[in-house]
Amino acid sequence: MYRLSIFLLLFGIWIIFSGLFDAFHTTLGLISAAFVTLISSEFFFADRSAGVGARIQQIIRLPIYLLWMLYQILLSNIHILKLALSPGDLEEVEPSLIRVKTNLKTDFGKWMLANSITLTPGTITIDIEGDELLIHSISKATSAGVEDDSMERKIAAIFERENS
Amino acid sequence: MIVDTICIVLVSLGLLFFVGGAVGVIRFPDFYTRMHAAGKGDTMSVFLVLVGLAVYQLGDFSLGNALVAGKILFITVFIMWASPTSTHALIRAGLEEGQKVWTRDDKKEESEK
Amino acid sequence: MSAVSDFPDWGDPNSPANSYRLSQHYVTETIHETSVPNMVTAVLADYRGYDTMFETVVIFTAGIAIIGILRRFGNDDKDAAKPTLYTKKPDLIIDTTCRLMIPIIQLFALYVIAHGHHSPGGGFQGGVIFGASFILLAVSRDLQAAQKWVPEKRILNLAGIGVLIYAGFGLGSLLLGQNFLDYAILHKIMPATPIEARSHSMLGVEIGVAFTVTAIMFSIYSNLASNGSMKEGL
Amino acid sequence: MDSFFIFAGIAIFALMLPILYRIMVGPTAIDRIVAVNVIGTKTTVLLVIIGMVFQRVEMFVDFALTYALLNFIGSLAAARFFDRVNPNKEFTESEIKEQEL
């Protein structure tokens, strides 16, 4: 079941790549997608305890979060622009390292959280050990923002709904 | 005509953010803060420029152009997906290598010398 | 510098290189003779098939040479700088990203190989990208994981098979009574017209090249990264 | 529209020059690697824009994707290199224990 859905996904990507729909190239696409599925399908969806249906539900819930993330990326770029173009000797820059605990269980949720922290204004995830994140923050205002756990709850609502 | 305007606006905004990233890479005081400029200044600007180009490509609508626009969007997704990871990898390498975190005090010491 | 002004303009159709009879033949007749829109591929894999075949052999030989120089068997390197090297658990973020990326990279590599006729690409480029996907696994986890996925013996077999595929197409046309690497005759054993046979054989040849390049890329990387011990490395 | 694309390409190219400063001066090696990574991202965008100027986007998009890919792999490999090859690195106690096991 997982293999079939991976095959369909890869074939969809092939169609975007290819742009030619004659029989010869479509056959090549089918062969290629099947070949990649054969040799490396275990790389997608490492944790297969949940069914395909649950996975699809998770994917459906994802876009809203991604849109919110896009807005955050815009904010972080404006933040960088403002800092970079501020005159004088960069009054606002006050770097510090912070350790934060997270309640997320799954690896994928942690990955999502770490990348989201990297993309939101003023913070970068340096390291992740167990459930502890080491974060570098660029100014005092953003250090305060790290303690806020709204992002974590958003991710938990997507990937770990049954736990909460 | 509308398509052209949208494209010009998006690409120009993207270039503006590129300026932010480039200036940040030069001006910021230590490795970690420069990493902030390098890692974040790029994502949104790449997104804006490439989406602008994809919109322009869609302006002259046909199946082939739509697929090319899809490919451009795929590059965007790829970069926004890979960028946080490479940022993380590089900054972690910097930490392992023993880069110092810059503070206000360093600045004062420098000026006293 | 004074001679630069006498050079033909960039892309000038009347420049000596372009007005030579052979070039004009390539430009005008490629599509009729081979039904391949991308002229470069046609010249590379068909008109100059010998060149490309021996380029593949050169890559193969280079890989073998590097293995011969670097590879160390046995446990005689026990005391070689072990204490400073230490293997770590794979980093969660890098590991997850690469895990999701590897199948897509492989698909892209196959796309580049398969569309060498229509857009730039072909065996060499696609092979490099495919090899990069193995290298990405070795970088994101460690060399052991990649070795488990594609063992050393299998990768060398693949390199050999790549050259054999190329030579096999040549021999096939030789057996059917034509010159070496003259693919048109292969239409007798392929369900295609002679012209299509040329284009399809070019694809087969590209696949052979891709096998060799993939295998040699990864084997060079793993030998260089692990000092030839194939145990630990980048 | 063509002139706008040419302008955008030149602007991106001009923005690479200040980053070259970081490559030449940059106090440590890893600063330089970061700068190379930034230039690589810009090059990806520049390739798509060049495709727009030459009216051959469908071709240049492939180049851009490949370049982005190799840039990513390159920076990961460089980071991994620094991760491991550092004779002065001091291990924490837990890490030493892990190694002894």
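For reference, chains read A, B, C and D in written order, and residue numbers begin at 1 within each chain.
FYI, a residue touches a chain if its C-beta (ideal position, glycine included) is under 8 Å from a C-beta of that chain, and two chains touch if they have at least 3 such contacts.
It should be emphasised that the depicted structure is a prediction, and the values quoted were computed from it without experimental measurement.
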item: Chain hops separating subunit D from subunit A, counting only touching neighbours; value: 2
item: Pair of chains joined by more contacts [C-beta pairs], B-D or C-D; value: B-D
item: Distance between chain centroids, defined by C-alpha means - subunit C, subunit D (Å); value: 25
item: Distance between the centres, which are taken as Cα means, of subunit D and subunit B, whole angstrom; value: 11
item: Centre-of-Cα separation between subunit C and subunit B, whole angstrom; value: 32
item: Shared-contact residues (touching 2 or more other chains) in subunit B; value: 19, 21, 23, 35, 41, 64, 68, 71, 74, 82, 84-85, 88-89, 92
item: Junction residues of subunit D, two or more chains touched; value: 58, 62, 65, 69, 76, 80-81, 83
item: Junction residues of subunit A - those touching two or more other chains; value: 13, 17, 19, 114-115, 125, 127
item: Chain contact topology (line, ring, star, complete or other); value: other
item: Contacting chain pairs - touch in the sense defined above; value: A-B, A-C, B-C, B-D, C-D
item: In the complex, subunit A residues that touch subunit C; value: 6, 10, 13-14, 17-18, 20, 25, 28-29, 32-33, 35-37, 39-41, 43-44, 46, 107-108, 110-111, 114-115, 125, 127-128
item: Residues of subunit C defined as touching subunit D within the complex; value: 84-86, 88, 94, 98, 105, 108, 112, 119-121, 125, 129, 132, 135-136, 139-140, 234
item: Partner subunit B, residues of subunit A touching it in the complex; value: 13, 15-17, 19, 70, 73-74, 76-77, 80-81, 83-85, 89-90, 93-97, 114-115, 118-119, 121-122, 124-127, 136, 138
item: Sites on subunit B touched by subunit A in the complex; value: 16-17, 19-21, 23-24, 27-30, 32-33, 35-37, 39-41, 43-45, 47, 64, 67-68, 70-71, 74, 80, 84-85, 87-88, 91-92, 95, 101-104, 107
item: Of subunit D, residues touching subunit B in the complex; value: 1, 4, 8, 11-12, 15, 18-19, 21-22, 28, 30-31, 33-35, 37-38, 41-42, 44-45, 48-49, 52, 57-58, 61-62, 64-65, 68-69, 72, 75-76, 78-83, 86, 88-89
